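In the part that follows, the structures are each spelled out as structure tokens.
In what follows, chain A forms one complex with chain B and a second complex with chain C.
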Partner chain A sequence: MDILKINDLKTYFHTKEGLVKAVNGVSFNIKKGEVFGLVGESGSGKTLTALSILKLVPPPGKIDGEVLFNGIDILKMGETYLRGIRGSKIAIVFQEPSTSLDPVFTIGYQMMEAIYAHRDLQNRSRARKIALEYLDNVHTPDPERIFHDYPHQLSGGTKQRVMIAMALINSPELLILDEPTTALDVTIQAQILDLLDEIIEREKLSILFISHDFGIIARMCDRMAVMHKGRIVEMGDKADILNDPKEPYTRSLLESVKALV
Partner chain B sequence: MIREIAKNKMALASAVFIIIMVIFALFAPLIATYDPTRVDTKFILSPPSSQHIFGTDTLGRDIFSRIVYGARISLSIGFIAVGIAVLIGIFFGSIAGYYGGKIDSILMRFVDIMLCFPTLFLILAVIAFLEPSIFNIMAVIGITNWMGVARLIRAEILTLKERDFVACARVMGASDMWIILRHLIPNAIGPVLVSATLGIGGAILIESALSFLGIGVQPPTPSWGNMLMDGKSTLGVAWWLTIFPGLFILFTVLSYNLLGSALRDILEPRLKN
Partner chain C sequence: MMIVKCENIKKFFPGRKGVGAVKAVDGVSLEIKKGRTFGLVGESGSGKTTLGKIMLGILKPDSGKVVLTAKRTQAIFQDPYNSLDPKMKVFDIISEGLVLKKEPRDSVIKKVDEALELVRLPKNALNKYPHQFSGGERQRIAIGRAVVTHPEFIVCDEPVSSLDVTIQLQILNLLKDIQKRFSITYLFISHDLRAVKFICDEIAVMRQGKIVEEGATEDIYFNPTDPYTRLLLSSVLDVYPLKT
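Coming up: the complex of A and B.
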């Protein structure tokens, strides 16, 4: 059972300088409960693929192709439908937690905003309880205090935990993580990955994990696809790709990780 | 921010003066020593004394009490006129800034057209045409002064809408209206606060000018401007009819200007963030 099936996704930018084929015919599927990795260097089109899934590509970008979420092609649906899915059925956590939060509102206010946006809930104290519960689930130090803090008062690692909490708060079916640990230092990175392991185990979510770091992808994912210049060059199970990479690009990507070890 | 205002001596003095004027306005019946419209023929044109600390005018009315009630008029006209200007400005500025393109061009050309009007003459014309009621004065000052705010909001939103937290809000399912109202405007409000503070001073001056010319607040309602009009004919013999309202206009507008300038300094380094 595929929770997500992408067929020939093309995201082209019609600029004054010419046509930029940022995502050029990408197809893959994610099974329910699976952790799928999308690896590639900067500029390969990974983030745009994620944004295209939710039809969030700004003009002059145009998206073409099929994005089947639980069988329904969401690219053909209207804005209202998509707004209902964004942040509730499909959630994304981005790379840079310091700029992902609105600087003039408290963490608690923004978490409750995420709750009100998708749940039919009017009760403030209930929403507050849910927010605190999720802050606890992602192991933020002292959720009560963090609830009243402003983003600039928190460290990068804590902010990323908050972003993960906000992504999970409406129980999404598909969680997209776009380089969630790239902006964090290595020790915090390890903690966040441990947290994600725990969440994957507990919630049994389907995950699209995007990263340029093959090491992280190897640790977290069951199946993966390698992206290069807007196309998928190789796709398969973790064991197949790591032990027997068929494409030269995949091989050189793996070499660059091994070189550091 | 309050702490930072306290650090700046000028700003602190201005804020204190404004607070005193607000107290005058709110608690006028308790502070005024006499009824401002009470005619007392025994005390016509008497100089400042222990009974009438600012003296009396040509009808024997107590100047101090008229100043206190006048604060009500001048301050409320200032606040509400600027409130109207800010609302209109935020409306046009945020739509132009957020949507860009043709909508932005059309709205900004509209702003340019409005800026071409010489506002004081426009206000004079409108008030001469309609009746000079307090509401009309507030509305007219507001409707001719929103353009600066519109430009400020538009400029802020043009940069703010590219920020990550806006993209994240979209990813969470926020609509355009929600993003503009709940994220962009609260972040863009800094420069508008400065402009509004300075604008209150300006609005008070305009109202005083209109009332001095006789087409603003009508007697017997006291306004600092129409008190100047009363004092014009007796300036040689009774300086207190003119000097006191004049000083209050001066210090109030000066306070708003100094406070606005201080706010600009306070918000400036934050704006760079």
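Coming up: the complex of A and C.
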């Protein structure tokens, strides 16, 4: 059973310099409970694929194709429906936690905002309890303190834990992780990946994991796709692709990875 | 022969209200030999960059001594988007160091051409601006600007951290080639243990302003003795061998 099925997704930008085909006919599916990796170099179209899924592409971007979420084509739906989906049924965690959080509000305020937006709940103390519970779920050192902290008072690793807590707070079915550990030190990255392992196991989440790092994809994913210039050049089982890449582009990427091991 | 020697370097930055002083570099001694690549490894905030700046004389240490035998030094930074002036053409960027030393015009042109060839950029690059290049090409420009003055010692501060892995490999190989031809000494600052292993002869691991372990690259990589070094190494995610 596919939770997400993307058919011939195209995201084009009409610019003064001409037509930019950022995503150019991408198709893939994610099964329920699967961790699907999307790997590629910068500018290959990974992030725009993720943004297109939630119809969050900035203008003048135009999206075409099909994004079937539980069988419903998201791209055909209106803003009201989309607002109900974003941050609720489908949640996303971006690379840079410091730009994802609003610097002028406390962590607690921003988490409660996410709760109010999607749950029929206006009870402050109840929302606060849920927020604290989720801060605890992602093993932040001191949930009570962090609840009252502003983003700049937290380390990069803790901020990313908060972002993961916020993504999980409305029990999403699909979680999109866009380079969630790229801005972090390696030891912190290892901790966050451990946390994600635990959450995936516990919540039985379906994941779209975007990364430029083959090491992370190898560690986290079941199936994977390699993107290059807006297209998927190779897709399949992780072990097959990493051990026996068929496409020259995948091979050349993996040659560089091997040289730096 | 050694190029740089640091003796018990300390550099503290005053803290703000309620926060103590930041001990960026806290008693570091090390020696870098001529023609070698010395890796300074550590996570963000460990004091790597501060130490590099002290070696170049950009920052003054609070205490300790730096003995620098290199006459000409240079630096290459992480982010070529920030380290190149967007309003200057590539020719002006690369030649600036020579112009400041009042080199005659024909010698400047000759040396810039040589530097451009060395970093394998086409000649028409000289009349373009930084934004017209990719990240890897911009880092080549930064390297060209560094080598044009024929430095003996270059501090490379995370020179490949913002690049894709295929480009990383190209830039690391370029740095190796240049070193071979001119026997330049590098201080290679990085948090990326893979890049460090690829290019460095010796490594020092920094944590909270101190060096926790130091030695030949192979020794540190295969027989780390310090727990923090072990933690760093175990955090590296290798694709191979993949056992599933």
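By our rule, the second predicted complex is superposed on the first by the 261 of 261 C-alpha atoms of A that agree within 3 Å, B and C clash if a C-alpha of one lies under 4 Å from a C-alpha of the other, contacts with A are read in each partner's own complex, and residues count from 1 in each chain.
Criterion: a contact is a pair of C-beta atoms (placed from the backbone, for glycine too) under 8 Å apart; a residue touches a chain by one contact, two chains touch by 3 or more.
As the structure is a prediction and not an experimental result, all values here were calculated from the model.
Colleague: Put chain B and chain C onto chain A via the superposition and say whether they clash or fit.
Modeller: Here the two partners, once superposed via chain A, fit next to each other without clashing.
Colleague: One more residue to check, A:146. First (chain B), second (chain C), both or neither?
Modeller: neither
Colleague: Which partner does A:154 reach: the first (chain B), the second (chain C), both, or neither?
Modeller: After superposition on chain A, A:154 lies in contact with neither partner.
Colleague: Quick check on the superposed pair: does A:221 touch chain B, chain C, both, or neither? Answer first, second, both or neither.
Modeller: So A:221 meets neither chain B nor chain C here.
Colleague: With both complexes overlaid on chain A, does A:199 touch chain B (first), chain C (second), both or neither?
Modeller: Neither partner.
Colleague: Would you sort A:127 into first (chain B), second (chain C), both or neither based on which partner it touches?
Modeller: neither
Colleague: Look at A:168 in the shared chain and tell me whether it touches chain B only, chain C only, both, or neither; answer first, second, both or neither.
Modeller: neither
Colleague: Classify the contacts of A:254 with the two partner chains as first (chain B alone), second (chain C alone), both, or neither.
Modeller: second
Colleague: If you've got the overlay open, could you tell me the nearest Cα approach between chain B and chain C in whole angstrom?
Modeller: Nearest C-alpha pair, chain B versus chain C: 13 Å apart.
Colleague: Under the contact rule defined above, give the chain A residues that sit at the interface with chain B and also at the interface with chain C.
Modeller: Touching chain B and chain C on chain A: no residues.
Colleague: Touching residues of chain A toward chain B in the complex: what are they?
Modeller: Interface residues on chain A, with respect to chain B: 54, 56, 83-88, 91-92, 94, 96, 99-105, 113-114, 117-118, 163, 166.
Colleague: Mind pulling up the chain C residues that touch chain A in the complex?
Modeller: 43-44, 135, 164-166, 168-169, 172, 191, 193-195, 197-198, 231-232, 234-240, 242, 244
Colleague: Quick one: which bits of chain B touch chain A in the complex? Just the residue numbers, please.
Modeller: That would be residues 163-165, 167-175, 182-183, 186-187, 273 of chain B.
Colleague: Report the residues of chain A in contact with chain C in the complex, numbered from low to high.
Modeller: Residues 41-42, 156, 185-190, 212-216, 218-219, 238-239, 242-243, 252-254, 256-261.
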